[in-house]
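Multiple structures are listed underneath, in structure tokens.
Next, two complexes with chain A in common: one pairs it with chain B, the other with chain C.
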Partner chain A sequence: MHLVVCAKQIPDPETPPSAFKIDPAKNEVIPAPGIALVLSQFDGIAAEAALRIKEAAGDTKITVISMGAESAQQAIKQVLAMGADEGVLLQDPAFDKGDPHTTAKVLTAAIKKLGDVDAVFCGRQAADWDWGVAGILIAEGLGWPVSIIAKGVTLEDGKVRVQRVIEDGYETVDLPLPAVVTVSNEFGEPRYPKLQQIMQAARKTVTTWKAADLGLDPGEVGAAGARLKLERLYVPEKEGKAEIMQGDTPAEQAQQLVAKLQAAKIL
Partner chain B sequence: MSVESPAEGRPRRLVGGWWTPAVGTSVLGLYGAFQLESSEGLVRHSFFNDVAPPGAVYLLLAALVGLLVYGFMRHASLWMIGQPHHQSMLRDVPQRMRNAMRLGLAQDKVRRDRYAGLMHWCIFSSIIVLTFVTAQVALNDDLQLNFLRGNYLLFFRFYGDLFGLIGLIGVGMALNRRYFQDYHRMRWDERLEDHLIIFGLGLILLTGFFTQTMRILVEWIPAHEDWARYAFVSYGFAKFVELFDFTEGQILSAHRFMWWGHVGLAFSWLGLIVFSRLDHMFFAPINAFFLRTDSPGRLARIENIEEREVFGVGQVQDFTWKQLFELDACVRCGRCTEVCPANIAGQPLSPMHLIMDLKAHLSAVGPSVQHAGHTGGDTRAVSPVAMVGDVIKDETLWACRTCFACVQECPVMIEHVPTIVDMRRFLVMDEARIPATAQQALENLETRGHPWRGTSLERTSWMEGLGEVPIFDGSQEYLYWVGCSGSLVERNLPVTRAVFRLLRESGSTFGVLGQEETCNGDPARRLGNEYLYQILAEQLVQTFKEKNVQRVITNCPHCFNTFKNEYPQFDGNFEVLHHTEFLSGALKDGSLQATHRVDASVTYHDSCYLGRANGVFDAPREILELVPGATLTEMRRSMSKGLCCGAGGGNMWQEEVGERRVNHVRTEEAVGTGAQQVISNCPFCIQMFEDGVPAIQPEEEGRIRPFDIAELLEQSVFGPGGGEAAQPVTSTAGAPD
Partner chain C sequence: MARNVLVVGEFSEGEPSTTTHELLGAASRLSDGGAVGVTLLGSGASGAAAATFPAGAGKAFTNDDAEYDVFRSDQWLIAVLAAVEQSSPDVILIAQSTAGRELAPRLAFRLDTAAAMDCTMVQDEGGALQVTRPAYGGNALATYSFASSPAVATVRAKSQDPIAPNAGATGESVALPGVGESRTTVIGREKVEAEGLQIQDAAVVVSGGRGLGSPEGFELVEALAAAIGKDKAAVGASRAACDLGWYPPSQQVGLTGKVVTPDLYIAVAISGASQHMAGCSGSKTIIAINKDSEANIFKSARFGIVGDYKQVLPPLIEAIKAAK
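For the complex of A and B:
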């Protein structure tokens, strides 16, 4: 079997908001020393799902692919350390500033170039922009079935059995191979790599493919191909106001509170 | 432990050590002997009563020596399956000799339990002196040296009896503790050998006395009763036996019986050395010699970590030979377990049982490992059980606070903490088996350079409202190292600010690294991720060197210990001060004045890494003395006996498993002093108390309040209006009022 894990490197979502600065003119996040680049948490979980299938099925190769800057090698190495076999970085200035659609187009092209892929695992969404559509768009590009927000993934009789999270529980669906699955945090924590694997991963070379390697026209990817236009990027202002109810007794204070709430049409 | 504070290092010897009473009483006895008008004609008759052919005892001795050598070789061959030890035993030999004398011969640690110390001294000195007595008899009789005569023979009789009596007192104390007091530690791992050893020793001493009693009755009392009185214990027995009209023949038969009983028991008992914990009489002083000569706070560095195949200790042969030797030195006294914070809180760790389990495992698989090693087999495939996981459970290893209480108390100088961390290293790096919350802390260290997941603070948040905060550029004298807890945990910001303001007030030049600070790696090392630790440490040593850092002040004892004791392993040699040391110095030289009264009753909690690991017990107490109005009440467990707050060894980031939480136990002790404030010196301790107080004192009124000593001093230096409140305070929730 050949499984593909899509991994994205993102600015640390746990960065304190005060460290998060935005350039309003360029509609860009300003990289600051306090912001680390990390593997999107859901992609780590997707890798965990693929690894468990590999452990159950045996004789399986896992390739991790990532579209991003040179630094995204780190994210790839992290998945390699967890136990993936090969890594491919999709890096080209032409890919920059795209939208989920162009990202999916690049990833789809890479998966097609890999050839013999049986299943693709993505995180339910990238933890920076939270679109949650790349997996679906990849499936569309490949013409494969897709199941999203999985809390469990197993291989049963040559099919992928997915426990799909729904509002009040989960439903179980079987997908014929090849297929695309996006994995949710309900699946469980990704494993902590063994040191031996970290060192092996550090020694592995990550293949880099550019637009030309994928047979993609620079005009159809990145900013040029994007259909989505970012109008404005801003940090929402948070405002808090506290008012202490006056009054000599708790009853008086409560009355005042009721009056205020009624005036604000909350009650 | 090699590091002792001045207060701890003060001699606490019982009447000045084991030799003082021996010399004192001997001089008295000698004086008495020479007061006799004449002891002419007094000689020791060899082979009195023809008890045995001359060679018999030597045959027994040869058998004993053979047995001891065989036993030693058997043990030693198992130690040799271990790895080379990190410290050469040929280095620091003078210090090692001192340790062997002080901790081995003079038994400094044994006396930390006063009752056991006295008991042990009695037995120990008795065995030493009576062995000397026996050796003299052998020299006198068998080499015909005939020096046991005249006044010396009287003196010899006197101290022989004296130390026999002292030995019996020791045995009595031991019997009392084991069988009458039913002392708790005696029951934790009681074995047949324990009864054999103590009853055997008692019988040896009694048969010795009885042999002499019979001899006196026949040989001395009829001829020269005044001479006989020097053997004052035997003489007493003799006078008692005289009450019954035994014939001389009966007495001589009894003598022969007692003599053989004495000799037989003595040799059997000495043979027990090979099969029981009696081997500590050799292994304890030897292990004192082997004791590390550097700080106990330093963990060994794994050299060339990238080239290793096994990380840490997963199988028994991965320990160093010294760690294996220590297993044999253990006497199961249970002192380690008694003081272990995890054990006190009912959590799954008993250092004594850990050592005993490892020892049993070594005996079980050691010979096969050794055999596999000799025959070219796979030594790693020998053990049918996993040492880490089956023999020693994961949760046992994770419960350790690396607080050194066990190491501090161990009378045979076992170092449990490095042994535990070595197995953690295997768990984390080889097996990647680690509690989820600890894993998150490690992942946070890897990606964000600090262990505090989900903090909403930045490394510079504490600076707001303090005016200009100088950034260290190499021109200042000190680097003030704030640390992750000092900058990213809300509760500790007021401490950081207090230290900063006191440093500024003292007039010293200093700077901070601000945004450039990253974790120095301590949590990673204590949690067993040595690889991550080395990466972080190497980076930071590099940064310090580039910035020309010479002297560092930290407000965290863990950072302090890491910089001071562990960075030299990475060629990072800096002068490191904890803020308590700096502040007490500044108060003494007058650069800081604690002028305002702070009327508060306080108790002081020694953090493990400032206290036990680095011996700083006095500096913080000096500060407390210099703060007018503050009155100190010590907790029962304080100084080197202090109890951990529960956060050490990476337990800050773990869920506790067990009956209670360690911080609740410690908070209870602090509350028990009746003090209004519990003062500490460590951001982790403060957090643990903040968490523990509401659990122990649900009523808000009258709660004890945890503060860092810098916060207390800040009030005294700047006054009630000049403290934190007088500053344009920003978001410092949790700040003291």
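For the complex of A and C:
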């Protein structure tokens, strides 16, 4: 079997809000000093889902693909260290500043080029822009069924069984293969690679494909192909500071708080 | 500029959902004299249509087939495409719900256009539609315009106002053609919601975080909610607490959990990460109880107590009981 994991490299989403800054002229996030680029959390979990299927099924190849800058090699290497077999970096200036639809177009073209793929695993959403659409658009581009926000995934008899998170619980669904599944944090933690695996991953090859390798016209991807035009990116204003209860003991503070709530007709 | 707007509606027990009312409100404002349509799919759809007319719809596209009762995006997609065919919308509004998240991108793909997800503002800007959505875990807001048509947008619950009901308004119901096949087979469903009042509906939400230190910490949080009133207050949790298995994921508040907009939100031992605030910043009043006076939560809170929750909650519970 051949499984694909889509992995994106992003600025660490747990950056403290105080370190989060935007360049209003460029509508871009200013990289915060000391904030690392990391594998988007849910993509590590998507990789974990694919690895567990490989362990259960045997004889399975996992290819990890990432569209991004040269640095995205690190995200690819991380998934290789977890146990994926091959990596593909999709890197071309023509891919820059697109929207989720152009990103999905590039990823779809890469999956088509890989050829014999049985299932694609994505994160429920990239933890930078929080769109949550690439996996669904890849499924549409390939003409495959899709199930999103999985908390469990197993593969048997040519179908994938997904436990998907819904508003009031979980739903179990079967999709025929090939299919796309997007994975959520309810699935569980991804494994930590061992030192030896990290060293092995360093030696695994990562192929780079450009727009031309994927048969994509530069006009249909990146900024040129984007249908969503970012007009403005800004930090919403916060109200400011809380009124802190000043009593000497927790009991006094509690009483002050209740008095405030009553005065404000909240309680 | 007049626009045709199509809303993908949801309903239960014959009543359009609150979010459907909100979407119809946004649609009415955007339409500016254009037509507002709504799709309703599943048993009782044509019955639910009547309630969408006073809410702003002029036409309801319905199919009562029970096949639609369980959401499968490929089936819904065909039905909504049929309604699009008949109503030529410039804008399609969909809830950011289990169904909407999956349907909107597929619909955009089929219509060769784009979908903007989880929008909190949808507005006319000099004749063009602009949508604004949180990004970077709620640290930023991003405003977009569309270079393709129709514009597809999913809209966050509680972000739009419904219109004042137009009593007596009537509209036209149009039956959509039969149901198509689905490649998704639903095997089963498991409900894991907390008993009683749901956090989305509660007037007060008391949430606990990783700072509780153990699942037992939630007993105090639950006691606080109970003191406020079982019919008023429900208990939520941060993702850190849910991921640790201390509280059911169904109670998670935040970007990847539930969005709540109660009158009062009490955050106990929660740091106030942007992804958590994304789910509760629409609350009328936020109270923070945290032992770290520098915690980010105090930037969003109106009132705060700096202290150990184990010491603060018992007297707070007593004070609330006494105040009743």
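The rule is simple: the second predicted complex is superposed on the first by the 240 of 267 C-alpha atoms of A that agree within 3 Å, B and C clash if a C-alpha of one lies under 4 Å from a C-alpha of the other, contacts with A are read in each partner's own complex, and residues count from 1 in each chain.
Rule of thumb we're sticking to: contacts are C-beta pairs under 8 Å (C-beta built on N, C-alpha and C of every residue); 3 or more make two chains touch, one makes a residue touch a chain.
Everything numeric here is computed off the predicted structure, so don't read it as measured data.
Of the two partner chains placed around the shared chain by superposition, chain C is the only one that A:N185 touches, whereas chain B remains out of contact. Legend: residue contacts after superposition of the two complexes on their common chain; A:M199 is shown touching chain B, with no touch to chain C.
Contacts of A:P33 after superposition: chain B is touched, whereas chain C is not reached. In the superposition on chain A, A:I266 makes contact with chain C only, not with chain B. Ranking chain B and chain C by residues of chain A touched puts C first.
By the touch criterion defined above, A:P17 reaches both chain B and chain C. Once the two complexes are laid over each other on the shared chain, residue contacts for A:D248 go to neither chain B nor chain C.
Residue contacts after overlaying the shared chain place A:V165 against chain C, while chain B stays out of touching range. Judged by the document's definition of touching, chain A residues 14, 16-18, 189 lie at the interface with chain B and also at the interface with chain C.
If you check the complex, the residues on chain A that touch chain C are 13-18, 20, 22, 29, 99-101, 124-125, 127-133, 136-137, 139-141, 145-149, 151, 161, 165-176, 184-186, 189, 226-236, 238-245, 250-251, 253-255, 257-258, 260-262, 264, 266-267.
On the chain B side of its complex with chain A, the touching residues are 306, 311, 428-432, 434, 436, 439, 442-443, 447-449, 453-459, 461, 515-516, 531. Looking at the complex, you find that chain C touches chain A at residues 70, 73-74, 97-98, 101-102, 104-106, 108-110, 113-118, 130, 134-137, 139-148, 183-193, 228, 239, 243, 249-250, 255-256, 263-264, 273-275, 284-285, 287-288, 293, 296, 298-308, 311-312, 315-316, 318-320, 322-323.
On the side of chain A, the complex with chain B involves touching residues 12, 14, 16-19, 33-34, 36, 38, 189, 191-196, 198-199.
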